[in-house]
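Below, subunit A partners subunit B and then partners subunit C, in two separate complexes.
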Partner chain A sequence: MTFALAFDCGLAVLILAMAIWTIAARTTFPAVVGFVAYGLLLTLVWMRLAAPDVALTEAAIGGGLTGVLLLGATSRLRATEPPAVSERPSVPFRLAVAGLCTLLSAAIAAVVLLLPDPAPTLAPEAAAKLSLTGVGNAVTAVLLAYRALDTLLESAVLLLALVGVWSLAPDRFWGGAPRSLALRHRDGSLSLLGQVLPPIGIVLGVYIVWVGADAPGGKFQGATIIGAMWVLTMMAGLQTPPEISQAWVRVILVAGAAFFLAVGIAGFWLAGAFLAYPTGFAKSLIVAIEVALTLSVAATLGLLVAGPPARPVRT
Partner chain B sequence: MTPGAAVLPCAGDPAGALLVLAIVLPTAGFLLALSVGGGRAERVALLFLAGGFAVAIAIVAAIWRSGHALSYALGGWTPPLGIALRADGLSAVMAMTTALVVGAVALFGRQNFAAPAPGVEARVPLSFWTLLLAVTTALNLIWFAGDLFSLYVALELLTFTAVPLVCLDGRADTLEAALRYMLFALMGSVLYLLGTALLYSAYGTLDIALLSERVRPEPAVWTAAALMTAGLVAKTALFPLHLWLPPAHAGAPPAASALLSALVVKGSFFLLVRLWFDVLPGLPSRAPAELLAALGAAAVLMGSVLALRQARLKLLIAYSTVAQIGYLFLMFPLASGPAGGPVAAGALTGGMLQAVSHATAKAAMFMAAGVMAGALGHDRIAGLAGTARALPMSMFAFGLGGAALIGLPPSGGFLAKWLLLTASVQSGQWWWAAVMLTGGLFTCGYVFMVVGRAMGEKDASEPRIIAAPITGQAVALALAVISMLLGLAALAPLDLVLVGRPTLAVVACR
Partner chain C sequence: MTEFLLAVGAFVLATVALGLIRVLRGPADADRMMAPQLLGTGGIAALLLLGAATGMPGAIDVALTLTLLAAFASVAFVKGASEPAEPEPDEGGGG
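Entry: the complex of A and B
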């Protein structure tokens, strides 16, 4: 048995163990911890499958952002935890769910083993047309050129999620700031981290966005890191979440999608089609869109973590 | 199911740019409304929705004039690498219905969702107007996307707009309904995405037209079809996955209920039609079609019986939606008939007409019920006496909508059921006809139960009925009249629904 095979087997066993842990955990907190560990292990799987772009996304979103959001939910749910535990579904119901899930997994596993090998793929075509987009990373070309509409609308989905979270606010707090993220029992170390880490994290995030045009990386991964830095400073009590009715907040939130849309519409006249880039300007426009989206996505993610407005507007 | 459908007759029609506009306009409106916020969101929404209405008319006109489908390659990248937007007859009909109902909802919503003071932003108005624009983007993308993953994005957009609409008024029970809806909807999205991934791994494309040529009956395709169908059925609230619908649709504010019942559930239904008729036409689909129709029949009967047993008007209307969704699924075995002959064409037209007719009638009924509940201060059916006298216009709208659901001529429901009945008799599947007739009887029951109560004399002990603003009532009545007159579509020289389906259109162009 080679080292690589042993590593893969160990990884698979660990992932299964984390999945079972997440489901079997009786309370929310250990389940969330298991889920975050599961996400980080998946990152390793994507690296083993030579898909660094997916690995970066999984680490940033699956392990990082989702973990933070779920931990936030856990702290909000603490009061309702005991009744929720006592209201566990009955054994037959749980067995039925387990049976259905097993059936589903078995069916998918069987079908995946039956799939044609080598799998039909668009990867060669995506690589062949790369020169037309000017970027060197095929994943970026897919996201911002070949399938740009999907990316544009996904950025709108993110904004919609934020509108949905905001819409849960009590009416009297509308327009105000979300509750403070500052930890109650914070000590000097968090405050120090809050000051030391952000400069490094922001440089790293910007690097990942910039390099994404030609190498693994991209706006979403970079934006998640930058957003995380913002959340860190808020948790350290160095910053407070902004009031959601302020004009600059709204402008930053929609800037990315709006710029993307504007470039797309300009394509009608300048490049002959909606979401087409004029020859020679493709790469610069793609990078510009990525930068604008990074800012908006980072702000959206930070505000998603902060939650609905919970304080009246200061007058 | 119908061989030869979904072939692209014309690529790069200049009118294809209209499809882009139908998606771009509401998206731009959403971004603008969110950024200017304050009291201006309403004006932005009305402006962009009016533009969208004009675009929908232009799309229908272009398809009508040319008699063939429109398409547009986004960014100049052709499938399979790029994404194409396509509009056939089905898309055009649904896009026009969307523009109409969303427009009506916007006019109806003006009285409930106005800004508290000029330039002042409040939670409910901002959420409503931005979500209304976003729901338009999501629906138009569902009607026009020619790519399975873009359709997934559309489903995501639809979920994230529909769920906040359910709990717009922020009461605890509506939050619970919204949460349950979200769990069903997200589960549906995941199943749909799994199926999409399987299809891509098997054939290396996500484009619907290309897939339809490559798909063969093999395990991967059957698994994908099963996963996607299960997911979309959960989102459409077909029996037995309907449990989330009544509390969600009944708890939302009237304008939102109208939108959810009329259009949002039709989105995932439309995807099912696309899946079985346009992506998987090569599959021998007798058994799955029969299964879907059997669930539909169960929904018609269960939903109608439960509607009859409701004590609250909005819940009655919501259960009626469960039943009416059932009718939509009866078209699957009828429209997949042998060789796609005239029977199949009639069934397809009937099914889509049922979707349009229910959309207009149900929106009118939810709006009328909202007006009545606002004026009475409650929506108990037992306490409706005197409403017909106090709010004749709303009661008339409710009655007309009910008549369209029952299928009285010349309503759209009449023509739809006539086409479906004819198809089931001609294809020797009389049992579906029996379900339709029984369902119609039950529908009569619950509509007359409400109308009869409302015609009664008001008890002196009941509190006085407050007058209601006229605009909302007029909008509801207009929609009800439209649904009542939809049956006149039979007089049209061209069957719009069948445009873009060569084998069917030959027999259908009258």
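Entry: the complex of A and C
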């Protein structure tokens, strides 16, 4: 396996170089570009580690929305950049930061190296009970059956994050629409991309959600792709961000978590416990929850990118 | 065959790695943002070779996702690079 070793070593060197560059860059734009490249390399690393579900998440989040979010932050921070670059922190301060970072890295490395070999795992048990859930992908079974409570809380956290972003809006804009994402220089190729790519992206997103029951994939990855397509149509100027006070926006945002919670509460009567699925219906309920969550997560991610409301409510 | 595919994958990765020098050196933002685009293309090739070499499920799906979002990321880059100072909201910023 010499070529495999060469591949892994090359990957490790590249990813370390990009990580160091991302930290060392003095201005934000090169750092963000480095971070996007780092995310692409990380996708390959997860594939080498035989974790295709994680690789897919990294590909969708890192390749899609993180870049847009960070670049948006970059253009907002650009005015503050010259003073930040010219500022030189004092030597003791820099030494303290370096020391603490080294300490943290050393602690993480020590924990990883001191893990018992083989590492403790619940994977065999998760795989053994897989047939009870009806799904074929052990990761989906963990996320939506064994540890459904965590996933329910995560879907609520996403909503809280959006509320957090919205709460940055000045009072007079509350309930209005976020600022337009469209490029100021309209151009034909972008309009074309905004019309050609979303149909393909929506099909791929739905496919990734659907296939998640039995193969690598799932609602979060699929929803990220669909959300990215929505953001693309907004950047192409084909759509404008909706006003956040509109009822349909709020219904779509909470639908996924609300449906998940309703299924969980129904579990008290139907299966004897919160979030328990009645025998024989586990797979259909899991798929239904994934579909409901997909819509909500896609809308939430799109609105997270759009940012806080920046226009007064139209009356 | 597996060895051969992995060797080709490593080669593709090495060529793209040379492109990454542009991220480090620039000089313009446009030069910097082309490098991850090239890495995206090469990464997809390496991923597909890796998937074929190890028979890992999902490699093609990950490659599809990367392909689709690479086009999306290029739009985001253009927006980030070409619009240096976004105007504050219509009625003046802050609050």
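Operating definition for what follows: the second predicted complex is superposed on the first by the 307 of 315 C-alpha atoms of A that agree within 3 Å, B and C clash if a C-alpha of one lies under 4 Å from a C-alpha of the other, contacts with A are read in each partner's own complex, and residues count from 1 in each chain.
Basically, contacts are C-beta pairs under 8 Å (C-beta built on N, C-alpha and C of every residue); 3 or more make two chains touch, one makes a residue touch a chain.
Keep in mind the model is a prediction, meaning the values are calculated, not measured.
When the shared chain is aligned, no partner comes close enough to touch A:237: not subunit B, not subunit C.
Look at A:215: by the touch rule set out above, it reaches subunit C but stays clear of subunit B. Once the two complexes are overlaid on the shared chain, A:278 sits clear of subunit B and of subunit C alike. In the superposition on chain A, A:169 makes contact with both subunit B and subunit C. Look at A:56: by the touch rule set out above, it reaches subunit C but stays clear of subunit B. When the two complexes are overlaid on their common chain A, residue A:136 makes contact with neither subunit B nor subunit C. With both structures placed on the common chain, the touch criterion links A:153 to subunit B but leaves subunit C unconnected. Touch criterion met: A:225 reaches subunit C, while subunit B stays clear of it. Number of subunit A residues touched is higher for C, counting subunit B against subunit C. Once both structures are placed on chain A, subunit A residues 169-171 are touched by subunit B and, in the other complex, by subunit C.
Subunit A meets subunit B in the complex at residues 107-108, 110-112, 114-116, 119-122, 125-126, 129, 145-150, 152-154, 156-157, 159-161, 163-164, 166-171, 174-175, 245, 247, 250-251, 253-254, 257-258, 261, 264-265, 267-268, 271-277.
On subunit B, the positions that touch subunit A within their shared complex are 17, 20, 23-24, 27-28, 30-31, 34-38, 72-77, 80-83, 121-124, 126-127, 130-131, 134, 137, 141, 149-150, 153-154, 156-157, 160-161, 163-164, 167-168, 170, 175, 194, 198, 201-205, 218-220, 223. Contact residues on subunit A toward subunit C in their complex (touch as defined above): 1-4, 6-7, 10-11, 14, 17-18, 21, 29-30, 32-34, 36-37, 40-41, 43-44, 47-48, 50, 52-53, 55-56, 59-60, 63-64, 67-68, 71-72, 74-76, 78-79, 169-173, 179, 181, 183-185, 190, 193, 197, 200-201, 204, 207-208, 211, 215-217, 221, 225, 228-229, 231-232, 235-236, 310-312.
Chain contact summary for the complex, subunit C toward subunit A: residues 3, 6-7, 9-10, 13-14, 17, 20, 23-24, 26, 29, 32-33, 35-36, 39-40, 43, 46-47, 50-51, 56-59, 61-62, 64-66, 68-73, 75-86, 89-91, 94-95.
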